[in-house]
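Two complexes follow with chain A in common, the first pairing it with chain B and the second with chain C.
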Partner chain A sequence: MSTMPLDKPTVRRIPDKLSTPAARLLGSWESLLAAVAIAIFFANSLASPHFLDPWNLSDATYNFTEKAMIAFAMTLLIISGEIDLSVAAIIALASTAMGAAAQMGFGAPALVGIGLGAGLLCGAFNGLLVARIGLPSIVVTIGTMSLFRGIAQIVLGDKAYGGYPADFAWFGQGYMSDLSWWPSWPGFEVVTFEMVAFLVFAILFGVLLHMTAFGRRIYAIGNNAFAAEFSGIPVRRTKFVLFLLTGLMSGVAAVCLTSRLGSTRHSIAAGWELEIITMTVLGGVSILGGSGSIGGVVLAAVVMGLVTFGLGLLNVPGIVMSIFTGLLLILVIALPIVVRRLRASS
Partner chain B sequence: MMMSRILKYRELLLGAIILALIAAFSLRAPGFATPRNLAGIFNDTSILIILALGQMAVILTKSIDLSVAANLAFTGMAVAMLNAAYPGIPLPLLIGAAMAIGAVLGAVNGFMVWIIGIPPIVATLGTLTIYRGLAFVLSGGAWVNQTQMTSAFLDTPRIPLLGLPLNGWTALLVIAVIAVIFMRTGFGRALYASGGNPTAALYAGIDVGRTRFFAFVLSGTLAGLCGYLWVARYAVAYVDIAAGFELDTVAACVIGGISTLGGIGSVAGAVLGALFLGVIKNALPVIDISPFWQMAISGLVIIIAVLFNARQERRKGRLILRDAARSPAPAAAEGAAA
Partner chain C sequence: MSVVQVVAEPAHPLLEMRGISKSFPGVKALDGVDVALYAGTVTALIGENGAGKSTLVKVLTGIYQPDAGDILIDGAPVRLADAQAAMRAGITAIHQETVLFDELTVAENIFLGHAPKTRLGLVDWAAMRARAGALLHSIDAPISPYARLKDLSIAQRHLVAIARALSVEARVVIMDEPTAALSYKEVEDLFRIIERLKGQGKAILFISHKFEEVYEIAERFVVFRDGRSVGAGRLAETGQDEIVRMMVGRSVEHVFPKVEVAIGGPVLEVAGYSHPTEFADISFTLRRGEILGLYGLVGAGRSEFCQALFGITRPSAGRLALEGRALTVRSPQDAIAAGIVYVPEERGRHGAVLPMPIFQNVSMAVLGRTTRAGFLRLAEEFALARRYAERLDLRAAALSVPVGTLSGGNQQKVVIAKWLATLPKVIILDEPTKGIDIGSKAAVHAFMSELAAEGLSVIMVSSELPEILGMSDRVMVMREGRLTGIWERDGLDAETLVRAATGNA
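Entry: the complex of A and B
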């Protein structure tokens, strides 16, 4: 019944004193996530002697870096009140485009351009349907999810593209220490290109969402699109840009994943949309729009990566891990609701 | 009045498109439009029709059930293993068990949406992975093969009656029962009311949350039934059966004109939407198009159907305010005219 808008008038109590910044930080979703991450880190290092090996940990980051890069863009999109279920299908299509180009003998820079371009095009198509024509994003992106992956399926059939140029492999497999300017401090040799890309995009999206007018507009749109429009915010254009960004980041993830796997099948990244949305929601982004932060999503990515890696070290099969992912998704959404209700009744 | 006329028009249109498709395909392949082949297509689409009707109940209440295929996989695995382990259990009891397990899994979704207040898309995205994972835990990843299941279990849905296998008759029975429930019972009215305007439904004395709960139970029950039908049809049960099929059920509803905003749609629409997908799926190999085209085609059809639906929904006049904001004078004139 809590979903009913007119069920009960909302009573807003004014607190006797404002909470201090320190208290707010302690009680925040992000600090809870950080605590969970640290707990899982300790549990993992106790459960398996191989966990704390730096090279192992470096490998473990591949569990989340590619998904997290899309999750950053998805965060902005969900805060604005929309959703994109076609991200994994965009990876499939972009990867197929790169595979086809590789067959024709294009070099690594061209392949990257083609992957990003395909992602942008797919994002623009979603944006056109949702922001321009005004269709509901859930159904539209269920449709484009079929369409994008379907096109990959038509092109590939049951075959696979391989034969990517050797220097293309660096994006998904390379270490930063391959570059001459990278400092050779101890511990820095295990840093991969994807880890750096993950951090750079985290900072870029964090600045965009939390420090620019564009970011403020996203929150305004998510909280009340009508009011936002009346305040002169270009709602449709902003949403279009967000779909473009999500498509672009799916293209980036496609480059990294294709480079890491070295081959493309039509089932590449199947089911990722689910994990990316779980990551976003676990990061404290409200699925109804209007609130969330990039910091939370970064922590959620690390938590999910550590859980997957730890369970993998304990030989838990992938599909059983997905039970944990599903439970995690439901629990993190249910907990705040239940807590709020308990607090309201006491 | 206006609405019902458009809806009728829409179903007629969809029916005409399906007939035109069948006619076009039979030009390429003369055997396509024979009654025997058409009965085969209907039989092949039965499971999608039944699932689409369950999905429709949920969508009518402004929710969505993405866990139907995983529910189907779990119940299918459960009854297949029951049959393999205890061949003595009579078939009606097994079918009853499948529907009961399905109903429980549906009730879990409904509980989360009703009592806890989790958005339906998130709740069922979660249970989608959980149910399929549980199918793996239940079976240990092993398959249940044809040789392990009894012949009564596998062959009963294939028994032909008046040219249509029992599998197809089951779909007809479900269509009839659902049509009566949706159009002739208080629960059916409540489904439409709680999706069309939840606030008004509340003031009319309808418990919207409870209606949603039972919509999910209905969807789960039908998914359970389909779990049995699927395993019997393909004579094998494994963890990944019907993977991604939940999207086909949503597609069938969207193509059939069930509005994802809730409250709009008819049983005939959902059935025709499912048949549309069924005809295309069965026609592709006949006209020498690789089955790999099917996914892209259904994606394209979903998008076209959503475009079509949007035009229909816009007539409700909900967007007056936004239009007025964009161009005050003409919108006001239109408002006066209407």
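Entry: the complex of A and C
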């Protein structure tokens, strides 16, 4: 090392961090969500005697697993400063493609490939329009939301595709205990394929976002795309990849949902884009981009799943749940802003 | 230090701050400072970055509430609860970057938020335009109140910002680095306006890093260091050296510590570089260990040219060669890989990702080196950040604090650290000391010399003649997108450069 720019008696030692990891965790949004999840869990078990039944709980996970898989990719996209409102429409289109292929007699592996491929293509289309041509993603994906579902509607009309092969049903209805290598420990028989997929994708996306250079670049782009560009980060290419990932995860969700329902109508997954974005924002992802974590979104998925399940057990009608989702979205967007304002004025 | 009273001035200050303190988590920004402003007098506020100047301005304009201390106007204590209260008390500020609105007219910009109203409560457009016209006239600004802001030049926008600040009945005018973005001629215009305000009996607080300006326009001074007022008095009785000593708590030997470095062979050869609209036919050779100054007026195409070298924009014609090998730069990634880096003029917009921690900013361009198979290694990142933070004498509470919490000079150090970490061959610094204090400035200059001595080649864009003359081995001048000449350091004077930059023979 060479000489210091100005004469200084000693070199200042700057610490890495000010607070301890435990202190940061305690004050985090994720801890609050975890507390809320536990509270709802207890409230539910008090409200309904059927809640704590393992098979019921296993069923309840379907309320969030498919949506959460998309929400993980959406998390990355929103942190980078973009958004994809067409995810539910991608499910409709991918499901329609799989339905048409099933009619032609394709087997389960081919159907999965077609579902994922359709998702990738839709994601690539969004990505091209946003990253290549430079259009705002909110406008592009409102457009493709109508476009993708519109195609499904033209193909299907009032009809429904059914007649999926029997082994295709496993992705949405199967239990891990169907597999020979799954341990036969007590309680493990209620674990579904989707639960495992949810956890695996949570870990994959968590690692990608929080532990890799790619994830770091997403934060840089979302916080200041100019400075990211000036730092040699391939901003457009990164955003394109994020749209691809979101399309792919919509394809994965389409496989699971189609398999679970066993049929495809054009209205499949209607309104999911809002629930997925609510889940993401509830998980602490800033809708303005630049901050958020996969851990928060996992917890938000569980919270939303538990609430929906609890309301279902209490026979609350679907429309009330939809009102609940809307209020929740407004609340979680408003809350951090209101808290910041209160802090600033005190 | 005692304040010297002189007969020619009013005996009592118009505005007085006594023992003002303001703390933020981890920082005592102001620690019992005393400031007095007198009617018809310009008081210069001088201090290094982080000395508390901006905090003081925010206290005076009602944005921050002091933790302790009193503010007195005409001897009576006042409380400036918010920005409106400060405005009502007759305090107005002209900021470094006043927010104006491109799509609105000049008159609308001036009176936004306090437009004159008719009896029905509607905007009185006629009165608004008349008063805007009168205000602009009073500061000798030949701008139509009807013009849309987007059609004005940078200098004209600045005049609109001044008119906006004066559109409230102000007795105290704060000018926070008003000359930072202005050319020589525009500074003269500004000083005429200040003289006029003085004549109207306004008390003016003038914040600037440029000593020539301070001595030209101000009568009194206050020096801040580390959140304390360490000296005040009359400039006529105080030498520049003394003020520098108060500011830094030590003496800075020379402002431009240019070290003679043996200049090596050619590193970067630029031939006929052109852009469809911004610049044309730029050719020169940059040598090893050389500091090449790039001088010109604002809008001469200097930044645009440098950004093309760095791959932000693509040239329409021209060739590059680095160390004798032809080089094509299509993106910043290409430039960084080849060893050409660019420290942009707009630190907050283009230079640093302000909400992200220091260490993540430093490692941003070299993530390939601090990761293994794409996975982050935080220990490597902290080690890298610490190495450059210590080398650049960065002042920060921790390496994990957001860059946005640092002072301007320290933010600049983070951006420079990011680029040094890439081990570049050519570093382009675009207005590297704009808006930073004299201490940090000297540090940046010393560091540039040091880099050159290590064999780096430096292109330094600057609009400050002393900096250009003090630091450069050679000076290149651009005017209206074209290169007007290259001069060796020896025997070069300011007049030659100004003539080349303005086109006045």
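Everything that follows uses one rule, which is that the second predicted complex is superposed on the first by the 327 of 346 C-alpha atoms of A that agree within 3 Å, B and C clash if a C-alpha of one lies under 4 Å from a C-alpha of the other, contacts with A are read in each partner's own complex, and residues count from 1 in each chain.
By definition in this document, contacts are C-beta pairs under 8 Å (C-beta built on N, C-alpha and C of every residue); 3 or more make two chains touch, one makes a residue touch a chain.
Computed from a prediction, not measured in an experiment: that's the story for all the values here.
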First, second, both or neither for A:I323, with chain B first and chain C second: first
Touched partner set for A:I151, first chain B, second chain C, both or neither: first
Partner chain(s) touched by A:F226 [first = chain B, second = chain C, both, neither]: both
First, second, both or neither for A:G143, with chain B first and chain C second: first
Partner chain in contact with A:F309 - chain B first, chain C second, else both or neither: neither
First, second, both or neither for A:L129, with chain B first and chain C second: first
Partner chain in contact with A:I277 - chain B first, chain C second, else both or neither: first
Touched partner set for A:G290, first chain B, second chain C, both or neither: second
Greater residue coverage of chain A in the superposed arrangement, chain B or chain C: B
Residues of chain A that lie at the interface with chain B and also at the interface with chain C: 1-6, 226, 229-230
For the chain A and chain B complex, residues of the former touching the latter: 1-7, 83, 129, 133-136, 138-140, 142-151, 153-154, 156-158, 226, 229-230, 266, 274, 277-278, 281, 287-288, 317, 319-320, 322-323, 325-327, 329-330, 333-334, 337-338
Touching residues on chain A, where the partner in the complex is chain C: 1-6, 8, 11-18, 211-217, 219-220, 223-224, 226-234, 290-291
Complex interface listing, chain B residues touching chain A: 64, 112, 116-119, 121-123, 125-130, 132-134, 136-137, 141, 198-199, 202, 208-209, 239, 247, 250-251, 254, 260-261, 290, 292-300, 302-303, 306-307, 310, 321-322, 325
Chain C to chain A touching residues, read off their complex: 26, 252, 310, 312, 331-333, 335-336, 342, 344, 349-356, 359-360, 364-365, 367-368, 371, 374-376, 382, 386-387, 389-401, 418, 439, 442-444, 446-447, 450, 454
